[in-house]
Amino acid sequence: MTPRTIVEGSALHRRVQGANWSLWIITIAILPFLVAIPLKPSVFGNSYTIGLGNVNEAIAWAVAVLGLNLLTGFNGQLSLGNSFFVGTGAYLTGGLVQTYHWSYLSTLVVVIPVCLAIGLIVGVPALRIQGLYLALVTFGLAAVFPTIVKLDQLDRFTHGSNGLNIESKLLPADWMPIQGTLEAIRKIPLIGDWTGTDTFSSRQNEAIYAYFLLVMIAAASFLLARNLIKSRPGRALIAIRDNEIGAEVSGINLSLYKAGAFGASALLSGVAGTMLAIDKNFVSPDELGINFAIFLVVGLIVGGSANLKGSLIGGFAVIFVRQWATQTKEVPLIGWELNGPYGQMVLGILLIALMFAMPGGIAYGLTKIRSRIYRVVPADHRGEAPTG
Amino acid sequence: MFLLAVSVDTDPELLLARVLDGLRFGSGYGALALALVMIYKATGVLNFAQGELALLGIYIAWALSVGWGWPIIIAVILAMFATATLAAGIERTIIRPFDPSNHLPLVIVTLGLFLAINSFVAVTWTTDLKALPSMFPKGNVFAVGVAHLTWSGLGMFITVLVMLGAVTLLLNRTKVGLAFRAVSSNIESAELVGIKVGQTLQFGWALAAAIGTLAGALLVPELQVLDPNVMLSTLVFAFAGAALGGLDSPKGAVIGGILVGLIRNVVVQSVSFIPSELSVGAAVFVILLVLLVKPSGLFGSSKVVRV
Amino acid sequence: MSEALLHVSDLEAAYGDVKVLHGIDFTVNVGDISVVLGANGAGKTTTLRAICGQVHTSGSIAFNGAEISQEATADIVRRGIAHVPQGRGTFPELTVTDNLEAGAFVRKDPEINADIDKWFEVFPVLGERPDQLAGSLSGGEQQMLAVARAMMSRPRLLLLDEPSLGLAPIIIEDLFGRLAAINADEGMTMLIVEQNANLALAVASHAYVLEAGTIAISGEPEVLSGDEAVRRAYLGY
Amino acid sequence: MKRTKRCLGLIATALAFTLIAASCGDDGGEVATTTTADAATTTADAATTTTAAAATTTEAAPVSDGTFDLGGGAVLDTNECPSGWDDTQGLTDDEIRIGISLPESGALAGFGTIAEGMQVFFDNADPIEGRSVTIVSRDDGYEPGKTVTNIGEMIDTENIFAFSHILGSPNNLAVRDTLNEECIPQLFNATGLPDWGDPVNFPWTIGQLLNYSTESLIWCDYFASEFGEGATVAALYANNDFGKAYQKFFEQCAPDLGLEIVATELHDPNADTVTPEVTTLAASGADIFVVGTTGASCPRAVGAARGAGWAATIMVSSTCQNIGLFWGPLHSSASGAAHGIQIISTTKDIGDPRWADDSWVMKVRSELEAAGIDPDAGAQQTGYAFAEQLDHSLREAAANGGLGRVNVMQASWQQDWEAQNALPGATIVTDGADDAYIVEAGEISMLNLPPDAEAGSWVAVTGDLIDVEGDLGSFAG
């Protein structure tokens, strides 16, 4: 089938774009009501869950992956230590809310500058250390974070190894029409059937409220990142990644931009940490170690490096693919029954298979599939396929 | 410099004990770092699965020696062959199809391998603790108070040096070594002098897996007991050793590994203000300082920019 | 007319979707120095890479009577084609001696060390520093090393991709002098791709001009030098 | 060359398949988890004796509308439960659905089989009110964040009656608020944090294990009586919730009894070795070495201490009791190293020859074997033992007013019986806030595993059961 050609800026193009956007907005609006009571689709005898808890976590992860993307995807500095910044954000939020009774959102006032500063501080020595050496040093940063949290001197603030339980809940205000929206959605044919018939419990209401809050923070973060990438400094970041010497001789201040990339990355990671704290009301040190850092890299690459949509996909992939891997108990077609620590094996094989299918990540894979259906071309190059 | 400003334990017996510990564990980290360096030289990729290939080798050696009652040395040698073969197969089937110049998918592939092999070991042999017999006699060469040198520690140290010598000879005095160095220096030119790049890389993977298995078989008896997470926790220190020594230098890997062992056992333990639970952090900090002065590690070649 | 060593016909080559060579034909005869001229992007480098099996091709490449267009690079090298790629193509982390040994990788005879000594005599700058890392040599020295490394395989055909690139004029002259000498002394057949047409034509016995992936003109160097269009486009006078 | 390449590939593939085949052969039995066919053999008498002591249980009567007395001033108030809350949710006509979240992956994946062992127990037990017990388990990889997600999803989709034996202190802390707000029982947390004995603030949460403060207290008493005042102690703690709890409580009680702590080291719980820390401790030459860590670090610490020639009396955490799991491997790598180490044991180690003829141990072994599980390996036996307590509370509730969440909580906070899994003579007594801890008695045992021994066993040091039953009251912040 030859793909349909759509000329950029044409009426058809605008309509396709409009349809895209509407689909996005409708999905974002309806999704939490569909999965607040988790869906349990069954595939090949395996029962998988899709719940709002995971969706909320995935949104936070998407922002964390976005933070890594700025640094690694767009600027080419491989970091295996971004969990350090996420953890810093999460603990700042948790500590301020629990110990000093701030509201969740107001902690961003502290999280943003502090994480930015830490990122810049880490970014300066990183100027001299490159490539895999940088990856290894940042890996150490990730490895040491849980230990730092557990230091006795910080115990009052972090509550040490038992984790920080944040008692303050994020309660939706009375005027928020959560139940009303639910009723309205139930009237939509087909989709409405998925939402069940129960009224939501207060826990589910809280999760829905948290969802919309997280979506707004995530939207702001992605918008910020998008504008940064499209701006002059953003182009400088990419130029440095593609050819450092070339960028330097064209007058780009390497030190400034590379340290700046660390700063921006840490900032977004810190925000992601705040989002995780909002989602879980709980922060624990051992969760924010090397595993977290490694799965951020998984999210980045599986989603699609140097691609903003890739970060969103990557965040969801990390959460759901991991969960579904452990929920796979029967191997389709072969009929093996899996018990015990097979989840990791399924995950490992899935990751390898995914890289074979889409070596550039899911985002690029989807673009490729879309390009079989239609292609958007600039108005003055009618008919010629864009390359790359 | 700043170390002098704080109190340092000076009991000579304790210092000797720590130095001996450091050399013992450090040579194990060095051996593992050597395996990492071989892969890095071959592909420019940090192989997350390196430790797990070694883990598989260790469990195969365990199964052969404890399960089937074979002598441990034979078990280890067979395990080295087994993992080398497996690594060669992995290279051929799931590494070679990828574009070698794009490292990101390869990172995920090795990570996937890491998860799959680790899980395979846990499922096959369970996560219960096991003990891998040492290839060396039990007991101490000498002991002074808490300081003691075990035969296995001495044996490990010597074996690692011999291993380094053998790898150096192999790389510098044999044709396959020349091919390996040529490929790691410039893939395209290597092709143009008639070197079969794929097979050479495959050889690198197999060699690295065999070295890793031997390293694990040396180190694990020093750790008393074995479980499927044992290589993950040593790998952090092996990574650090490789970075400290220089990622492309076999000699640097071994020396770097030993230095990391000494940092962890001597420096972190002796200097009062470093909490010992921060051992990883302290090691990383020292490496950071070294890299700031010498960005390609102590023995690494500062990369000639390839056009 | 002498015997053809390399015969290329209807050669097409592409990088992904982008076609670079659109069916070219040429012949290199034994003992000749053939030169391919052309502007940037004309497909000169691709032609050499195609001969070595480094790009995907269609059409026919006959070397010494055998069809080699579908063979792997390593096997083509074994048949006796040596390639000095653009940008030197040495092994920067290896010593000068190791580079030469690597050049003899496909050989199994015992005369390798004798050959190394021979090339150290031909290129005394290399003989003076056998243990120096190739990456630390100057540009001219690296080019000499690349040629010597290629010759170490005792090829029947030497491909050179813009050997003059990035070198000072006096060194270029020296280099081409040595290439001519190698051609004369060893009877080495060469296919040289160049932008520096003057020098190349001075040593060439046959020349082709490549333009946008097709051969535009071919003939004796004197003929090309005499061609008004060629002179203006490539010779600059 | 090409052929060798292909050959290597083939061999590798063949090897991989052999290994897979071998793995299937090895634990083909383990995969088939819950075969119940011939299980009815040994159960009958065991199941009934558990409830024999039930007659003495304090009758718990409702105090007033929606509030229920748990004892000691602790009260369960169902008026605070969310609207739509149902006392009998999770009870179907033939099922009692119990939720559990465990690490089935990651460093502690070994504990993932606890649920399997629990299910074996219930598959062999008589129905309760005509219902069988179903254990619904989820993997959290020991990550508290995952536990939060798991618990939420299980409440919403799995029709859970109560949660039981969730593993890990951070994990249980992370879900405690939610479960108490939702009025869903969080039973018998598989962690020794003393926080679980706090029925005044968290009436829906109860622990089970010997808690770390009780254990530390017994250590202190024992050291003081055995070594006298001025005895020196060097201590190693894991730098996690577990080790830090030991550290806190041991450092509270030691000075009062004249014990001198001369060296303390924390170790990274994920570290490959504890030798650097133990060498430092050994140099102190202390009389006593306290090992406040678990997992592989337990035998590693003992091996390193003995390797350094340190002759201290070694006291290891009660979590390291399983000889086959911890001390057998150490014995084969350093024979005799574990000989003479001491521990507080609270339960019958099923690998211990001393209990070989014990009816409970024989029942555990036979039922696990019948289910295709090796009773000496893995954590199924732990899960099996855990299930005894859950079974007791469910039966008590059924006998006193019928199965329901409130009755189960009351039965758990008001216990007086003897568990077969516990040491003879130890009673299990709870009384709300007045006595909020379940396991409070243990004996000091010493491992008999000399260098030439084939298998080891725990030998009672004094033979006295140290019972601090009721001494601790409830959690005091």
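Which chain is which? They are A, B, C and D, in the order written, and residues in each are numbered from 1.
One rule holds for everything that comes next: a residue touches a chain if its C-beta (ideal position, glycine included) is under 8 Å from a C-beta of that chain, and two chains touch if they have at least 3 such contacts.
Not measured: the values here are computed from a predicted model.
Chain centre most remote from that of subunit D: C (centre = mean of CA atoms).
Here B-C and B-D are compared, and the pair linked by more C-beta contacts is B-D. Between subunit B and subunit C the centroid-to-centroid distance comes to 43 Å (mean Cα coordinates, whole Å). Look at where the CA atoms of subunit A average out and do the same for subunit C: the two points lie 51 Å apart.
Each chain gets a centre from the mean of its Cα atoms; for subunit A and subunit D, those two points are 36 Å apart. For subunit D, residues that reach two or more other chains under the stated contact definition are 105, 109, 239, 268, 270.
Residue positions 147, 150, 340-341, 343-344 of subunit A each touch two or more of the other chains. Among the residues of subunit B, those touching two or more other chains are numbered 119-120, 122-123, 127, 196, 275, 277, 280.
Across the complex, subunit D meets subunit A through its residues 30-31, 33, 82, 84, 104-106, 109, 112-113, 116, 139, 142-145, 148-149, 152-153, 155-157, 169-170, 173-174, 176-178, 181-182, 193, 239-242, 244, 268, 270. Partner subunit B is touched in their complex by these residues of subunit C: 52, 54, 72-74, 77-78, 82-83, 85, 87, 89-94, 98, 101-103, 105-106, 133, 135-136, 149-150, 153.
Contacts from subunit B toward subunit D in the complex involve residues 9, 11, 13-14, 17-18, 21, 25, 66, 82, 85-90, 92-93, 119-120, 122-134, 138, 143, 145-146, 148, 150, 196, 198-199, 202, 206, 221-230, 232-234, 237, 264-265, 268-269, 275-277, 279-280. On the side of subunit A, the complex with subunit B involves touching residues 125, 128-130, 132-133, 135-137, 139-141, 143-144, 147-148, 150-151, 245, 290, 294, 297-298, 301-302, 305, 340-345, 347-352, 354-356, 359-360. Interface residues of subunit B, counted against subunit C in their complex, comprise 175, 178-179, 181-182, 184-186, 188-197, 248, 301, 304, 306-307.
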